[in-house]
Amino acid sequence: MSTEPSPYQAPWNFLGLGEREASPDRARAWVLPIPYEATTSYGAGTREGPAAILSASRQVELFDPEFDAEPALRYGVHTLPALGLAHGSPEAMVSAIANAVQAIFSGRPRPELLAVLGGEHTVSAGVARGLAAALPGDRLVAVQVDAHADLRDAYEGSPFSHACAARRILDVCPVFQLAIRNLSAEEAAFRRTCTRVKTVFAESAAAPDGAFLKDLAAFVRGKTVFLTIDLDGLDPSIMPAVGTPEPGGISWERMLEIARVVCREAASVPAFDVVELAPIPGFRAPDFLAAKLVYKLMSYALPA
Amino acid sequence: MSTEPSPYQAPWNFLGLGEREASPDRARAWVLPIPYEATTSYGAGTREGPAAILSASRQVELFDPEFDAEPALRYGVHTLPALGLAHGSPEAMVSAIANAVQAIFSGRPRPELLAVLGGEHTVSAGVARGLAAALPGDRLVAVQVDAHADLRDAYEGSPFSHACAARRILDVCPVFQLAIRNLSAEEAAFRRTCTRVKTVFAESAAAPDGAFLKDLAAFVRGKTVFLTIDLDGLDPSIMPAVGTPEPGGISWERMLEIARVVCREAASVPAFDVVELAPIPGFRAPDFLAAKLVYKLMSYALPA
Amino acid sequence: MSTEPSPYQAPWNFLGLGEREASPDRARAWVLPIPYEATTSYGAGTREGPAAILSASRQVELFDPEFDAEPALRYGVHTLPALGLAHGSPEAMVSAIANAVQAIFSGRPRPELLAVLGGEHTVSAGVARGLAAALPGDRLVAVQVDAHADLRDAYEGSPFSHACAARRILDVCPVFQLAIRNLSAEEAAFRRTCTRVKTVFAESAAAPDGAFLKDLAAFVRGKTVFLTIDLDGLDPSIMPAVGTPEPGGISWERMLEIARVVCREAASVPAFDVVELAPIPGFRAPDFLAAKLVYKLMSYALPA
Amino acid sequence: MSTEPSPYQAPWNFLGLGEREASPDRARAWVLPIPYEATTSYGAGTREGPAAILSASRQVELFDPEFDAEPALRYGVHTLPALGLAHGSPEAMVSAIANAVQAIFSGRPRPELLAVLGGEHTVSAGVARGLAAALPGDRLVAVQVDAHADLRDAYEGSPFSHACAARRILDVCPVFQLAIRNLSAEEAAFRRTCTRVKTVFAESAAAPDGAFLKDLAAFVRGKTVFLTIDLDGLDPSIMPAVGTPEPGGISWERMLEIARVVCREAASVPAFDVVELAPIPGFRAPDFLAAKLVYKLMSYALPA
Amino acid sequence: MSTEPSPYQAPWNFLGLGEREASPDRARAWVLPIPYEATTSYGAGTREGPAAILSASRQVELFDPEFDAEPALRYGVHTLPALGLAHGSPEAMVSAIANAVQAIFSGRPRPELLAVLGGEHTVSAGVARGLAAALPGDRLVAVQVDAHADLRDAYEGSPFSHACAARRILDVCPVFQLAIRNLSAEEAAFRRTCTRVKTVFAESAAAPDGAFLKDLAAFVRGKTVFLTIDLDGLDPSIMPAVGTPEPGGISWERMLEIARVVCREAASVPAFDVVELAPIPGFRAPDFLAAKLVYKLMSYALPA
Amino acid sequence: MSTEPSPYQAPWNFLGLGEREASPDRARAWVLPIPYEATTSYGAGTREGPAAILSASRQVELFDPEFDAEPALRYGVHTLPALGLAHGSPEAMVSAIANAVQAIFSGRPRPELLAVLGGEHTVSAGVARGLAAALPGDRLVAVQVDAHADLRDAYEGSPFSHACAARRILDVCPVFQLAIRNLSAEEAAFRRTCTRVKTVFAESAAAPDGAFLKDLAAFVRGKTVFLTIDLDGLDPSIMPAVGTPEPGGISWERMLEIARVVCREAASVPAFDVVELAPIPGFRAPDFLAAKLVYKLMSYALPA
């Protein structure tokens, strides 16, 4: 019987994996694209983010020198179709996301790790809510990498604006936020009084000594962690493809250090998201970095 | 007393008019930018439309050979700041627009003509509703230039999606739609049974004979007309900067013919909008065309 | 049992069809993406063409007013993964394509109509060769829409260069070429002496009377037709996204007329290709036109 | 002795001609790039125009079906280096251009035809002045294709602004201007009283009957003609790469008709320029059209 | 009486401030856009710089964690219309700028701090000259951040070329230049003999120890400082949107250190400019950085 | 006799040198553009690389502060026309390159240093082979800066794919590769067993201590070195214009350190190449950096 190789390329999925590694039964990591964008007021384009990450991921090499292995072949990755959009209101979309996430973690087969691709940061509120419902208990915490505190209680008429993402996650669990360098007077006042949020400003987060990593380790130790990465937390020199690219962000190496600490210290990391990629037509470096980051996060969260 | 010319350029307003011609007291035409975009799912960028039209308008020559005059100096144009955004839900934004339009037509001073710059087509639903409230009576009709019928009753969970714009205008007044070349099976069925909507497909709208212009004239004659122009009604060769640029649209010359018929036959044209411009970075021709179209429409609607 | 609608968007396929309409068993039309680009020397980017057409097709409305129906739901469309690339030599790739096409037409299930998405024009040589092998008999003819004659016997060291596409098709069957406005002295001499090729220059192809359509009808009548469309046959005003956008091409309406004549008069149209789309980042109109053209061609070739 | 073909591509010159055809001794047509841009206030980029035209010209096929020949091999084309820039003032640059043009026509060898590539329209004032000096006599006239009348006596403080190009040419010879659709009140008044300028507005210039062509023929008959083409005279659908792309311009076919009439009726056409190309990065169709237009003009002006 | 919030967005001004904070009577900082570009020969587009900075500034958060306050609300910022252009010659424009700057500092109300937005670097020559005239005395010095020494005495025929900016400032006051990594042999010779210019090359300016900051402090101590920032002084990784982006520039953090030293040690900083931003269409990070830099400079120069 | 300066700009060559410095007789460095691209499957555009480098080089200042001199005037640079393309197969092109390189080093005049501008990395295989043939002896070694190991024995059907570049160079001489951060499992296994290849991964290559530089010095000491630089070895923050911009590359300063070590320790550096620049339309910083790098490499390789 023939074992001739297929004349076709791999199907359209994260990393361009073959059918076996990409099947929901086999795969321990699932990817959920949510191309939702409704409340941004500047620098549109995050709805193109998930497709750009998937497209770029097909050029990412499976072998990773850090692990001296092809981790994706070990754990497998299943790519779901994009979630349908609900434009009745941002709140309706957040509910739809929460329901979808809860359903995914309640279904069979189901993933060990869910990687959500945004879309605007509003999607994280839905992911957090869905996680809390699917994984009840009091151990859920969130780690947020972001240029913006996103702690407003409402913005432009909606409590579910992208500018309120962290505030809505706080409704569900404590938040440790990193690389912040943009917040309003209202948010600055709020974070001083709210004991559930811990803010590491960009200057500290980017400092060579990485002193904050100890605090981060303590925060996540033994916890169930939802890691939410607004790509504008990274420095604009390597991640210009975001709505408001604030100078002074963290480097690629620091981003990986943070992820390693979180995945090493946490009891588990059942989900993360990578949001706010607004692809710049003709400029692929940010898409590629985002795809590689998603792969790295998977490999840290699902160790051998 | 000195009448030395100012060393400064004209302020930032439509056509770059001087203070006198741009003052609300003096100006018969007012421009209202509404950079709202929340329900589009492809080809983002309409939130940049109003700023691009204003920027391009500053390069439009005031003199118009068609009138052998500088019409804007005759009627004056006041540019309002952009309307604030309400992201609670598309319905909330439509209400906010309706309120703003009604307030404008109820205030003092107030314009004879309101030119709204979108933003996605959803804004037109608000404009129509505000007009109906401000100008009660049974004579309001709408003329829509568009590639899409926009007759869905709801789309992606919202009855106020951009794909429902004409359906929501129909809630307020009859609609004559032109240049249509994209509609769903549901919309095709609806328009057959709805007596309040008249559809001229693109093939007829672009045909050299212009036979439909008689029907259009009859429709608007003696009526109060709201003219809503989704720029994708134009052919993509001259208007590629839209979300879904359907081949087979109307030409610049035909667009002007339509506008002339409407403004000549209507009892009055108190408002029009030009929506769905999604500027392509580095490609200015569509922005410039949109700006010139707005100026032409003003001059037709406010004849000497 | 539940018939709840899926919370997910349609999978990644041509037109974004549901699983049933897109299954190979059910679908009469199959789409084969071939993102091959190896011999172009200017205006690179055709390797991005197939993905851009698939992406844009998801925004094309299924309902088509010309048919007053949703033709794709009638015939179904299955989208194959992209064909693997063979970079040993252009000849190796042409062979791989020919083999794939032959295998598709010999397999079970198999399509009535194969729509190939290029990639550079070289792919057409492979499609023609595969068709001739799969559908033996002497009735195969090709209709080529193109700005360039592509009749060189070799170019830059390869007889399988994109500039030789028609010459390689001639190895297999006669060719009727339309919209030509670029050919070399060598090609001009060749076409005068070769009785198997008929050239309609762009000036005639674009002339309002369409006199050439009779000749075209006679050429294809009762034949098995392979329709190969190099998008640069269209006018650059509507199709700038090609390597060498020659002024003076045909319009969208004329392109459809040609397709209607071919599909009406031919005995059958088992395959067509649409090649040489080189997407311009940020400029979607050409991608959308190409996607809509593919859908139109399917509906003409698979009449109700 | 060896006649082995060179392993290298043709050198960097107009049309990528070989050394023989491109030598100044042999070539009857010379190309002079003038990448000058200093007075434009919107839509910068004309300084990139000449390089873009030269680059695109290398993809233009030498064979022209209109002549059933390779005209460039008959007359030869020499490409000069770009003219040095003089930024002391626009007037200084105009003088430098005039001197260079006069020197070219007084030198040995010297061209029969000089094709100038702009740069902003200001360069045409220099070309006209240099021509008048080099070719004394009273038979010089200019034909201008342009969206803008360019008849201002001064603009933004300079009588040598791009907006004054035609006015400065009028200082030297009469002007027949075509495709005009943008002029100021001042210019409209001027052209009514100035007997040396004849204006055909865009509506007439684009009308199918081409009635104006008789007037044009009469104007140039027996004269020495300087043809100056501001590319914004063409319709933005085919020529968006200009500073202010005014809708309603002429087509490619009409542009060629105008050029044929001029070259057929004139006593001689010693020079033309093609100006105001402001290349759009990543969008090559306009560059290609401009290059092909320059080649066509050469072939018309230097008939067999 | 009603204090209902306005339904409109803030007007078009720097930071999008409300009417009160932006009024000339109230504001201690004034912004003067000068979109002048006439002498650049590569990488055009600085005329779009001021509009891009203003547009991006509307997304800058007023709260600044460095000050734990909203500094702009403390000092107020008035945005002037763009200065009119004088294209008679670069010298005429420099005079016009000098006159405008002098008039601003002599008027009532008048600013404590003038922030000029270029435009090409030539504008700085005008600002310096205007400052010297408005603020007589011998204490004026200039600090220049730049990749280029700009010490040529003339360039391309003009002593007021952008390449002569620092040389023209030297006509007025001593200059301390930082981050230089491009100079000609002529400039290298000049700076060795000219005692009024001090050059810190990029290698030193970017070195971690910042040893040069002491020299800088000594240079400005007790002086009236004009700070002129050519954005190409920054590293291209964070500031690619300049004409000639030389590798090896300074970081965002170093730029701020320099500004802090200058503002802390100087007797006063009545004016600064930020020039040479040539926005890249679709790529906003540089525009945003420039806007944030202008805001930072204001807050340093106008301490609480 | 007149020594009047030419009114024309320098001809189209590397650095825009005058005729004398650019003549093959005088110039010790020659530039060979090879715009070959045939086997890349993502991120096309390297065929535009050589033209972009040449264009940008004309803006590079001849004076270099590192040498306090204008090195190019000392050694001279001759720019060859681009090499003709052979699209019969990648192997045919590699042979053509090898033949051209060998011919250049065997001709009279001939260069001391050949700088090749790619094109895809496949060209390096040809350069290495040509060098080995032209400079027989056992002392040739290669130093490769690259993100990718390029050690595959074949890829997509060709042993001459860009992904096999280093493997093909290994056929000729040992290779020291730097900045690697992407390799396949197959390549990882190969490099462990192959004694002729030494890999310094990106983490080490970018580490501040530069410990690897000693190994590099030892590798090249006394050898004849071919330096091949795939620009994706640099960090994407400064070099995004490559096909697969992998995060974590080396800095501009480190790149220069490597080059200095190589040129200081080697017996000679007869050739280098700079490949894989895929220019991003409208984004010039990478082109400029590449041009400046080529100039730096020349000056290091041809010391005073």
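By written order: A, B, C, D, E and F. Residues from 1 in each chain.
The rule we apply is simple: a residue touches a chain if its C-beta (ideal position, glycine included) is under 8 Å from a C-beta of that chain, and two chains touch if they have at least 3 such contacts.
This one's a predicted model, so the numbers in the text were calculated from it and none came from an experiment.
Visitor: Determine the set of chains touching subunit B that also touch subunit C.
Guide: Correct list: A, D.
Visitor: In angstrom, rounded to a whole number, how far apart do the mean CA points of subunit C and subunit D lie?
Guide: Averaging C-alpha atoms per chain gives centres 38 Å apart.
Visitor: In whole angstrom, how far does the Cα centroid of subunit B sit from the Cα centroid of subunit F?
Guide: 55
Visitor: Counting only residues that touch at least two other chains, what does the list for subunit A look like?
Guide: Correct list: 42, 84-85, 235, 237, 281-283.
Visitor: Based on the touch definition given at the start, go ahead and assign the chain network to line, ring, star, complete or other.
Guide: Graph shape, chains as nodes and touching pairs as edges: none of the named types, so other.
Visitor: How do the chains pair up in terms of touching? List each pair.
Guide: A-B, A-C, A-E, A-F, B-C, B-D, B-E, C-D, C-F, D-E, D-F, E-F
Visitor: Going by the contact rule set out above, which residues of subunit D touch subunit E in the complex?
Guide: It is residues 35, 37-39, 41-42, 44-45, 47-48, 84-92, 155-158, 161, 281 of subunit D that touch subunit E.
Visitor: Touching subunit B in the complex: which residues of subunit D?
Guide: Listed in rising order, the residues of subunit D that touch subunit B are 42-43, 181-185, 187-188, 201, 235-237, 240, 244-248, 280-283.
Visitor: For subunit D, which residues count as touching subunit F in their complex?
Guide: Answer in residue numbers: 6-12, 51, 55, 80-85, 96, 99-100, 103, 281-283.
Visitor: Any idea which subunit A residues touch subunit F in the complex?
Guide: By the definition above, subunit A touches subunit F via 58-59, 61-63, 65, 68-70, 235, 237-238, 252-253, 282-285, 288-289, 292.
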